[in-house]
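A quick write-up on the structure given underneath.
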Amino acid sequence: MSKAVELKQGQNQLFTDPDADRAREFFRHKSRAMANKVTTAEEAVKTLIKDGDYITIGGFGANRIPTAILHEIVRQKKKNLGFAGHTATHDFQILIAGECIDRLDVAYIIGLEARGLSPHARRAVESGNIKLTEWTNATLSWRIKAAAMGLSFLPARNIMGTDTFKYSAAKEIICPFTGQKYVAHPALYPDFAAIHVHECDVYGNAHVYGASVSDQDLAKAAKRVVITTERIISNDKIRQHPEATFIPFWCVDAVIEVPYGSYPGNMPYEYFSDEEYLKQWLNVEKDPAEFNKFFKKQIIDTKNFNEYLDMNGGIEQMIKLRAIEHLTEKK
Amino acid sequence: MSKAVELKQGQNQLFTDPDADRAREFFRHKSRAMANKVTTAEEAVKTLIKDGDYITIGGFGANRIPTAILHEIVRQKKKNLGFAGHTATHDFQILIAGECIDRLDVAYIIGLEARGLSPHARRAVESGNIKLTEWTNATLSWRIKAAAMGLSFLPARNIMGTDTFKYSAAKEIICPFTGQKYVAHPALYPDFAAIHVHECDVYGNAHVYGASVSDQDLAKAAKRVVITTERIISNDKIRQHPEATFIPFWCVDAVIEVPYGSYPGNMPYEYFSDEEYLKQWLNVEKDPAEFNKFFKKQIIDTKNFNEYLDMNGGIEQMIKLRAIEHLTEKK
Amino acid sequence: MADYNPMELMICVAARNLEDGATVVVGTGAPCAAAMLAQKTHSPSLTVMFEAGGVAPILPAMPISVGDSRTFHRAIMASSMPEIMETCQRGMVDYTFLGGAQIDMYGNINSTMIGDNHAKPKVRFPGSGGANDLASLCWRMMMMTPQDAKRFTEKINFITSPGYLTGGNSRYDAGLPKGTGPYRIITNMAIMGFEEESKRMKVININPGYNRKDIQDNCGFELLWADKITDTDPPHENELRILREEVDPQRYIIGR
Amino acid sequence: MADYNPMELMICVAARNLEDGATVVVGTGAPCAAAMLAQKTHSPSLTVMFEAGGVAPILPAMPISVGDSRTFHRAIMASSMPEIMETCQRGMVDYTFLGGAQIDMYGNINSTMIGDNHAKPKVRFPGSGGANDLASLCWRMMMMTPQDAKRFTEKINFITSPGYLTGGNSRYDAGLPKGTGPYRIITNMAIMGFEEESKRMKVININPGYNRKDIQDNCGFELLWADKITDTDPPHENELRILREEVDPQRYIIGR
């Protein structure tokens, strides 16, 4: 039945190795000890990312993003990174401005959803200097899930027949039971992932509230995982509700306590996104020279995330954003 | 690369249709309205299971099982059912004694884990009158997950090379990216599933605490789903913690409030299994005539689940089992 | 007759297509407004889903992102992206809405790029996001869009999301789920469906103030015409009141 | 020297193989006791998993079921069966223990049936449960079992769970993950490993009170012998005390 069907494949480059045995060999030697992993963003980025790595960012663009890690990657001038653009908005905007990325698995880039498009990110992508392979949000979710499951691929029913498939690195296969054509999505085992969570213990056992996007799978799929957290909680709190554990410790390499760590993004139940600030970015990006100054001041010349927060209104601003999140702001 | 490899397939029967398009056609017409679905076990079994259906039971054999539905299936003399033996212990013991099953996807049957084997279930399976196809716990989990994902198969790396594969209905495939051999497990879309939960609202939005086995996938995979619940809660309680919703309403066809509904099984955080009672079953099963009497009295001649509870110690016994669950029993 | 703008008309028409008890995945903006309007008029038990994981929220405001806090405010479920996409893949989601820079006569949509070199596009857009997935996996795809001949074009530069591909059975032959596809294209000028056999775009209603020539002149390919073309039922006062007062009081969407 | 029974010896030997910081999926009974003993002696950060979803509980009592409340009592996680199995499949689980009615020289195990007709077996056992999965996907499989020539047999009736199949590279050629396989078979008489090339069972330690002849006489296939066979280090007083007083004070397992 399958013989008669011509099986197509996407023509673009696969940036990561989907081989499950090689991934297993890595995971075999990854520490599973329940040890205290608390560190700083500076140290985590220094030791856990090297130039050329393929990285992924948790959350959803400007929702529950690990901003401190993104800034640190820029400040440490990490280069030639591969990146999964899985509804990447402000996270992508930062990394592309930092000239950190040279290849991209694209689902959604250069836009900030209802806020509009990023002029700088658009210039960078239209320059032709960045290698692009096309995917979709579901596809990147499933590629990450394939890795989380310890496989080299997962079948799915999307993208077939489109240019999204043509410029992907997916391949068609046939279901051996039904003869139905499927697309096989190659597993995505990133070298590194950073995920911002609501709370976790020093071992990395984490709670997350609200939409989880792909972060449970991402924590498993990535070889090295850094968690930034609004607050560190006791291990006892984790053990009180074992069904609520969102990421277990054995996935996690480093834990960093970063209150307001998703700023200027939204952190569900904690604070809303700073829409004025994000608008300012999009606006200043129109003029490359102005944007360079802005970016230098905001990120490159800033010592750390706390200094960045202070520069943008500090606790007072956070209190305002909390009120917006809780729909209690005075208008 | 794939051409040189001989691809094997299991020789036993596939009892369910893995076709995703035919499943979609069913789901297209399944109601998604958020309507009050509260009913009785009697009514649910009468209207949602017909002879010949393929059924699945949530929980884990004698942990969080929908006992009221199992009894009702026996009392209504449902016949020629297919069954997924996915660590099936007391649930299987009831259905096989009721002569409801004629074909079995086997992962784990006839045993009750550390409690020993069921003499009656063993006699029934050794008779040769029941069709058996072999699988494993992970395989049945993944077959159910394939259906939950809307696929006709999922790849995996277990069972290859064994007689478990030979007597399954699985097929080998090749990963189009790595050339690695995988086993393809056919999606399992059951006609019916019954799942016992801690709490749900009248629409079927449910909370479950403790190990979840395969029940989140099962609720999605099955065409018709009945939930029995320790207690009905308000929809408001569901909306207070949307991340905690274990099963959403659109999967659910019927909701039945059955306090102590997993008895004689364990309900995490609520009551422990009645080990004396389960021992009594295993013991009385040794003599077929004695067992017939016992089974008739306990289930067939019992009006409903509340009468069954009363026969076995009622609230007083439940209080004892609650103390064992909470490790506060007086010895 | 009530006074209204084209966006209000498109939202009202879209809302009427969302029957009670259905499921719909929406993005930010007009699709979200259409779903809210439907809930507040004829479809109280319409289930709204967002691709980042939110399901059936009680929306306190228009979301800025399909993953922001609003999308799971007092929701039935705050789940994950694979959860939503797999629910679509399983056949449990009836409707979705897409946007795009170009659309062709088979309802294929481009939201990726303008130009003929993928590696160095003339204009780059965000890409599929979840659009291809929802177009592939939901039963019926709809679109609300202003109509002009550049947007409605014979050959789009890039098929980001599948319509009926090259027509006929090509969509299903490509492997996409049987019975799915574009359902309604709602523009400022008309409402289009798709012809059953050829799967070509077909005008079924004409909006007040437009005629056949306007519609064909503002379309870069040849449109089919239903046997009986009726006038679009314009927004009712009740719909407009709810849309303006309850759905989008700040006129974020209808003020555009 | 301390006095002990064969079960106590097997549990102590098994526990010593579980190094600190490792992960292990266990069933009820002796494997669970071995893991608890390891945690209370040299491996405080050994992570114990149960196939129904419980991870790293503080076990208040011996579980009766691998899915009962005890398996996630004050646990780090109460997850699902696919979660545990996928963690194994991803290569994050180091050890597991299996039981079975028959085992052959390549460590293949039968827990399905006795007889030659699958449709009508002479004796039916429960089947794989999670055994095949754990044997396929964890890095190292171990077994604790009394040794006799019926159980250790040339040809088992049914390969429920894979050992090294027909030896050599056959396990990996069949598609199972590279580098996995049986590691230690711990009996009342000896401790066996597997020869690197042929993958045949090989005696590496002899338990106190037994000799080579006892061991070969109670094995239905020809055993290989390590170049340097040492005596099994018998249970230490410290191990026995913890096993008896803290791990299994009711002697559910060690009293068998």
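Remarks
In order of appearance the chains are A, B, C and D, and numbering begins at 1 in each one.
As a working rule, a contact is a pair of C-beta atoms (placed from the backbone, for glycine too) under 8 Å apart; a residue touches a chain by one contact, two chains touch by 3 or more.
Since the structure is predicted, the reported quantities are computational estimates derived from the model, not experimental observations.
Set against the C-alpha centre of subunit C, every other chain centre is closer than that of D. Note on interfaces A-D and A-C: more C-beta pairs are in contact across A-C. Rounded to whole angstrom, the centroid-to-centroid distance between subunit A and subunit D, based on C-alpha atoms, equals 40 Å. Separation between the centroids of subunit A and subunit C, computed from CA atoms only, is 28 Å.
Here the spacing of subunit A and subunit B, counted between their Cα centres, is 37 Å. With centres taken as mean Cα positions, subunit D sits 57 Å from subunit C. Looking at subunit D, residues 54, 72, 78-79, 89, 137, 177 sit in touch with two or more other chains.
Residues of subunit B in contact with two or more other chains: 20-21, 150-151, 156-157, 180, 182, 209-210, 212, 242-243.
With chains as nodes and touching pairs as edges, the resulting graph is of another kind, matching none of line, ring, star or complete. Applying the touch criterion to all chain pairs gives A-B, A-C, A-D, B-C, B-D. Chain contact summary for the complex, subunit D toward subunit A: residues 20-23, 45, 47, 54-58, 72, 74-79, 86-92, 94, 137, 139, 177-179. Residue ranges of subunit B in contact with subunit C, taken from their complex: 20-21, 23-28, 30-35, 147-151, 205, 220, 238-240, 242-243, 245, 248-250. Contact residues on subunit D toward subunit B in their complex (touch as defined above): 28-29, 50-54, 60-69, 71-72, 78-82, 85, 89, 108, 112, 117-133, 136-137, 158-162, 165, 170-171, 174-177.
The residues of subunit B lying in touch with subunit A in their complex are 7, 9, 14, 18-21, 150-157, 171, 173, 175-178, 180, 182, 184, 186, 208-210, 212, 242-244.
On the subunit B side of its complex with subunit D, the touching residues are 12, 59-63, 85, 87, 89, 106-111, 113-115, 117, 122, 125-128, 131-132, 134-139, 141-142, 145, 156-164, 167, 172, 180-183, 209-217, 266, 268-269, 272-273, 275, 325, 327.
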